[in-house]
Amino acid sequence: MFEQIVFWSLAALTLGSALCVVLMRNTVHSSLFLGLSLAGVAGLYGSLGADFLFAAQIMVYVSGIAVLIMFAVMLLGRASDLHLRQVNDRWMAALLVCGVSAVGLCKVAASFRLAFATTPTKPGTHALGRLFLGEYLLPFELVSLVLLAALLGAVFFTHSEKA
Amino acid sequence: MTLAHYLAVGSGLFLIGVFGALTRRNIIGILMSVELMFNAANINLAAFDRFLHPGGVAGQSLALFVIAVAAAEVVVGLALLLAIYRNADTVYAEDFNLLKG
Amino acid sequence: MLEHAYLIPLIPFAASLIMFFGAKEDPHSPAPWIGVGAMLISLGLSVSVLLAFLGGAATYERNWHWFSFATTMGGKHFVHDMPIGVLIDGGAALVSVVVCFVSSLVQIYSIAYMHDDKRYKRYFCFVSFFTAAMLGLVLSSNLLVTFACWELMGLTSYLLIGFWFEREGPCEAQKKAFMTTKLGDSGLYLALLFLYSLAGSFQISQLGQFFSMGYAPAAVAAVIALGILVGAAGKSAQFPLFIWLPDAMQGPTPGSALIHAATMVAAGIYVVARLYFVFLAAPDVMALAAWVGCITAFMAAAMALVSYDIKGVLAFSTISQLGFMMCALGAGGYTAALFHLTTHAFFKALLFLGAGCVIHAVHTNDMREMGGLWTKLPVTFWTMLAACCAIAGLPLFSGSYSKDMILAYVWEFSKPMFWVMLGTALMTAFYMFRLIFLTFTGKDRDHEKFHHAHEAPGLMTVPLVLLVIPTIVSGLALNGVIFKLAPKPVLHFQTAAAHEVPADAHAAPAPAPAEAHAEAPAAQHHGDEHHQEGHLPPFLHYLLWVLVPASIAFSFFLYRGPKYPVADALKSALAPAFTLLERRWYMDDLFNVLVRVSDRVAALCFWVDANVVDRVFVDGWGLVMRVFAHLSDLFDALFVDRTVDGFGGLTNDVGVGLRSFVKDGQVQEYLMYAAIAFSLAATLILTR
Amino acid sequence: MTNLRLLAPEMVLSGLALLVLFVDLFVPVKRARLLYHLAWLSAAGVLVMTALTLSGASGAHGVGTLWSVDPFSQFLKMCVVMTTALCLLMGLDYAALPERHAGLYSALVLFAAAGLMFLVSATDLLLVFVAMELVSLSSFVLAGFERMNPKSNEGAMKYFVFGAFSSAIMVYGISLYYGATGGTKLAAAGVAASPLLLLSLVLILLGFAFKASIAPMHFWVPDAYEGAPTPVTTFLSIAPKIATLGVLVRLFGVVFPAPAWELTSLLALMAVLTMTLGNFTALFQDDAKRLLAYSSIAQAGYLLVGLAAGGTLGQEGVLLYAFTYVAMNLGCFAVTQAVGQAAGHYGLSAFDGLYKRSFGMALAMSFCLLSLAGIPPFAGFMGKMYIFSAAVKSGMMWLAVIGVLNSVVSVYYYFRIAQRMFLRDATGEAAPLPVGAFVAGGVAVAVVGVLLFGVYPEPLIAGVKASTRFLP
Amino acid sequence: MLSLIIWAPLVGALIVLCLPKEKVTAIQAVSFIAAGVSLVASLVMLRAFDADSAAMQFVERLPWIPSLNVNYSLGADGLSYPLVLLTTFMCVIALVGSLGIEKRVKEYFFWFLVLETGMLGVFVALDFILFYVFWELTLVPMYFLIGVWGGPKREFAAIKFFLYTLTGSVFMFLGLLAMYFKGGNTFDILQLMQLGPTWEPRFQILVFLALYLGLAVKIPAAPFHTWLPLAHVEAPTPISVILAAVLLKMGVYGLLRFCYQILPGGFQWFLPYLVLIAVINIVYGALCAMAQTDMKKMVAYSSVNHMGYCLLGIAGMSAAGFTGAVFQMVTHGIITGALFLLVGVVYDRAHTRDISAFGGLALKTPVYAGLMFLTCFASLGLPGLAGFVGEFMCFLGAFPMWKWHAAVSVLGIIATAAFFLRMMQKVFLGTFNEKWAGIEDMTVRELVSVVPLAVLTVWFGVYPTWPLSLMNKTIAAMLGK
């Protein structure tokens, strides 16, 4: 029962905020709702027993990315933004596309409607650690290259050059 | 709660993300929507771990990779946007139409 | 001398080459004498050959290897040898003598006639070449060579008609001549193809045997004969292809005398005679040939009645006489046709050369501007008079023998036809003497021209005189031997069949009139009856003896004076008929319509080519895509810079259509297509 | 333990990239070209190294936890590294690259190359994903490297947005794949062909399609290519494409034999779409880089034909075509760079009368273009022949027909360039074209490749055959 | 030996490429030497060529791409050898005609020699891939030769030529691939000749159609002929010569060599259509030519007409027809080559080819007019000149099988005569157009290029033994199989 309440509220939070993200006229509000939505996702991780993921989500996404985006919105915002429609005129087509996809994706979901969790949740951080330093060592290291590349790129782009 | 519920949430989030990416005029908005799509995938991964492969963490680890990569992407994206903003003074997708045809 | 007969065409050919490459264009050039000399040698050779045949020599054939080519016969593939050689029988020998003789004289005549022309050498070159081709045609044992010579004669005819190409008239005329004969040649061409596919050979002797044995189905023989007939109609100016010959008179007159009067135009007749076995196997076509000849003879004679052009009259008379020959061939008078061919060659050449002298003297073709010239041109007058007597068929002159023989065959063949031919013969006498009276007798009509007229030089008059001899005597001389010299060929299978089943359906000439029905097969079947043939019933002879002078007299009555009021009165009384004749039965107009229609068709074809065929492949897909694009509400995109100039619709429009998907460069449009792909994948895969 | 030594070349390359960054700290801006040299030498070194592993019996074949190394992957890696080295060489003559960022530029190119090398060997979606992101992120930055140039900005932005979107789709696909198979290994042993698996594969395919510029994920290509610095465009148009197609060959040829999965028709459809869209749209381009971008889309379509046809012949065809594609596309872009740089723009009119300005370059360009069009006796013909024979052999005659017709269409726009080079005269004075030594070297290599393997393709074919021998 | 013939021009081309472009004389000399080597070599081969053998001679065979079982194999028989001779000969003639080229000489001769290699290769290749390589190798030089040195619409003409031909040949390419797999991975033409006839008819028909598409464009058979008039009109004179004399022959050669010998089933099936196409080519081509006012375009359409005779001969499925087709190819090459050269002569002087712009030229230019007359009459099939022999044998071969078609085709002969006569009349005869008072007769260079052709025209017309003897055995054997 509790489980259900938690799930439904988290789901509502996630999806509701997500909807706000894409529909809000004010981009700052959107970015706030993004944080909320990501937090909801983190909650869902928690409810799935993915503790490390939960932590990572809160740390990286909610407090990292969402905030970063919020800064960016404020930094790059223009005064006129608030008066402009933030949704372009393709929304009907987009809605149609999403609606059609929804049919398919619901089928996917529905095919698992009898998959219940049979075992209690247990912490996976330890296993994750082994995996990262064992089997997944190479991608793990590669991610560092990815981050390095991103960092270099970010520096390169943001570095103000008036020479 | 079944896997179906989680997958449904994942699907919903994904589609909301798609919708946003297709319709937000602001590039940051598109970026945010894409983040939602990544998160949808992550929900799926975590849910599959929980329901289909109890005890397994492959999904979760994959999700972690996704988080890391998504973070990197956001960083690059925002930096790029900043550079553009300096040059063109716009963040609206429809203003980017120098290149076409 | 038979074994050297192959030299007869080769010598003039060599002469023409020597003249073409060796001689310069120069009025004092000795070049013409090369041609004349060559011609005389050939004449000597051919006379000796003729003498051999008169002495009873058998048909002579000699072949050399020419080329070989792979061929297919009866499902077998092998290399077939194509020989080249001579096949001489009495008829060929006779005709070759005629050709050599006339050609020699014409060339001698031309030396004087063409002396002032700036293309003096070229003329003789052409004439020698023509003679070579004609002799080749006459003597060749290979039908393909015959055809080649036939076409080469067409070429020389073309070249000589347009000899004075600076003027537009000859150019039109030469083209017309070539095209009209080419039209006919296509028939001969098809006949050749048919013959080869039937018999697997072009050797006339082999073909003759093939037909003689009755291997050729009647229908096929009929088609082949028809083809030959069409070819002959073109070359020998038979109805309806005679239109070119009157125009062909725009060339040098001696050339016309040789080519368009005496020899080349007779080639059609000669080839029909040479391939007579085909016609014998196709009696229907023979009858057709007879009628074609008859109609031609009549129509041409009628046209000659009203013409005032001295060469025109002669041209029409040529057509008419050729009609006689064709009619004779159709009626079964093989020998008669060859006989008439011979005599006609002599007197018609004489007439033309004489006309040349007249034109030379008065510088006009119009007989209304002549008159009384006999005092000025006595030699010309007397020689031409002799020729006129011959062509009119006055007794003892050569023409009378041959013409009477033809009429005799026609009488046996068909009575109505006989009466038409008889009328034509009378018309001949009338218009020929009309020519004489208008030109030579009475008072001069154009004093200026009369005053300046003078007799031609000796080089021109000597040939006239020389031609008078055969014009008068050839009939008498040949009358006795012609049946021996050129007996009518016989089809063996028909003679064999005739003994068993006299009324063989195969051989029966269906369209012939009833009374001819019984006689025609009999005439064909019995070679020993030849001597009884060729003579008219006596009462008809008497009729002719009365009627011919009568028509001459009528002519005299009409045209004796400087003015001819009766003729004019007749003309106004019968205006429509005169117009019809002056317009040459409207055949020229018909021809022009044909030309115009074919031009239109050509233009239409080209229009189709440029606007349909080309565009179907280049722009066709473009059209489809345009419709497609329109339906997809992308029409505006079509007007987006159409940079691609010519090549096409296909690439162009498809490209525009496709490009319009992303023409704004909006990144979210790109995303949209990706999303659509995603949703399609999701839906299609999962809802199957 | 994990057979990491098999991946020595790419790890060395990554290390060298870091080395370049490190050296960058100590090299004054004036001597920055040193870094380029260092970079291309590193790539060349790794090329040699890869080639050595191929020749050595032991090093060329082995399976790690997430990767497998075999001659097939080594062949593709060689192609990639070769491209990288040549593109870096081209960069030496590309004036618009800021000198002070030479180290960054070189390092990013090397990162991307390393990512592609990992990608080629990957047998696990995790590695695939990470490697691809490494490539993508480096490419995003590289595409926007002329950051003062609005076109470059815009191209990079579009590239980025599309890239992020498609990688999100791919990740979603991976998540479904995980659900369907319980792992991320690209090994389908014992897995039933459920619709879920099929969907996940299609979504992953879309992700790959983005990298390989296959329709319908190709829209970013012209914009990004036009905006990016020309050496980068060259790199982007070749290396990711052939690497991705290589992975797809492994995926569909080895891991999931495509015919069993009914994906063949999908691949064929995508091939048709890609070829047709690429070729027909290219007809209208007035910008050389953009034209070549569309042409490279079409080329991806041809490669995809080989993939869809499958079978040994198809696999060999993809490799062969990939190799020839390196030479011919590189040649085209190198000449384009020289011409565009001289003219100050990349409009087709820059090519007017090139024959007079530099006959050699004009000839080289036309050879490469003809090769792209698949006209013998150039190498592209051999590639096309291979690919279309694969299609014919596997009974997809219709696909081959569409393919050859497309190559006919392509001739039209390739010849628009040839036409301008040879048939028109420049409007102004025909000054000789300045060609940098390095670009000239690159062109020379490309032309030699195009001609040599066109006239005598036997060694190449033998190599390709040897490389695919290990694929089942 | 065959290799020498093929590659000598290419070597020459490479040498030309290395010469500086100012040294025009040297470039021309090298080109002549290269083409001359080919010509001499092909003539020397005459001594070794055994006309009594139907087998492939001078066979050369080296592995080229062993992995695909592709070989470098060459050979010549009575079908291809005459065409090789024609090619080497016409190339030298066209080179003489090319001496007048002044623009971008070096490139011109380079492309020209490359083109020669391609054309020669097509005729002697015995491996399909080799064949296809040579086949396509002719396209590129042709594109440039038309595109750079052509008339006002040269760019369009060049690309249209290229695309049209390429579209056809890619289908042919697919056909080759299909045969490759059907025949057990072999591109060997001789081997496929053994295998091909045993294949099931459906397959043969399909492959036949694919090959035919490629060949038909080249021939050009209606309705794929529309590239030809444009390409001919726009191309520079020597290139028109080559185009007409050699390039068109590649199509008919392919039809005889591949379509007939490898796919008799498909060929048999297609015969009724082929003969129809032949008739259309003949009659329609001639009618289109009749509507032309541009001499060159007229000659171009006459090529359509003449290639129709070839098709007609082939459709007859008889030795005479095949012989006629091959002979017609040779003679059409010679005659139409001469015609284009002659049209070029007047165009060089008057800068117009409009038929009605002239008149009475024969007065001023007797030699030119004489040669033109000779060639025109040869082209319209006057017996005694080369054109007749081939044409007549084509008809002879086709007649037993297609009587009606042949009869209709005769109309084409008449139309051909009509348009040639009209052209001659308007240009050379009639009153002299004073506008051209300054026109000069042919120069020595022009004579050198045309007179040999005229001599051959007469020779082959009067005494065709020699060229026929080269092909007889091969053709008899071809059909006898």
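Should a chain be cited, it is by its letter among A, B, C, D and E, assigned in written order, with residues numbered from 1 in that chain.
By definition in this document, a contact is a pair of C-beta atoms (placed from the backbone, for glycine too) under 8 Å apart; a residue touches a chain by one contact, two chains touch by 3 or more.
What you see is a predicted model; the values in this text were computed from it and never measured.
Number of steps on the shortest path from chain A to chain E, with steps defined by chain touch: 2.
Listing every chain that touches chain A and chain C alike gives B, D.
Counting contacting C-beta pairs between every two chains, the top pair is A-B. At the far end from chain A, in terms of centres built from Cα atoms, lies C. At the centre of the protein atoms shown, by the Cα-centroid criterion, sits E.
Centroids of chain A and chain B (each the mean of its C-alpha atoms) stand 6 Å apart. Between the CA-based centres of chain D and chain E the separation comes to 42 Å, rounded to the whole angstrom.
Centre-to-centre separation between chain C and chain D, using Cα means, comes to 76 Å. Per-chain CA centroids place chain B at a distance of 64 Å from chain E.
In chain A, the residues that touch at least two other chains are 88, 90, 93-94, 97-98, 101, 104-105, 107-108, 111-112, 136, 139, 143, 146, 149-150, 153, 156-157. Each of residues 159, 163 in chain E touches at least two other chains.
Within chain C, residues 647, 659, 662, 665, 667-669, 671-672, 675-676, 678, 681-682, 685-686 each touch two or more of the remaining chains. If you check each pair of chains against the touch rule, the ones that pass are A-B, A-C, A-D, B-C, B-D, C-D, C-E, D-E.
Those residues of chain D whose C-beta lies close enough to touch chain E in the complex are 355, 359, 370, 375-377, 381, 385, 388-389, 392-393, 397, 400-401, 404-405, 407-408, 411-412, 415, 418-419, 422-423, 456-458, 461-462, 465.
Partner chain D is touched in their complex by these residues of chain C: 641, 643-644, 647, 651-652, 654-659, 662, 665, 667, 669-671, 673-674, 676-678, 681-682, 685-686, 688. Within the complex formed with chain D, the residues of chain B that make contact are 7, 10, 14, 17, 21, 27, 30-31, 34, 37-38, 40-42, 44-45, 48, 52-53, 56, 58-59, 61-62, 65-66, 69, 72-73, 76-77, 80-81, 83-84, 87-88, 93, 96, 98-101.
Chain contact summary for the complex, chain D toward chain A: residues 2, 4, 7, 14, 21, 64-67, 101, 104, 107-108, 111, 114-115, 118, 126-127, 129-131, 133-134, 137-138, 140-141, 144-145, 147-148, 176, 179, 195-196, 199. In the complex of the two chains, the chain E residues touching chain D come out as 63-68, 104, 107, 129, 132-133, 136-137, 139-140, 143-144, 147-148, 154-155, 158-159, 162-163, 166-167, 170-171, 173-174, 177-178, 180-181.
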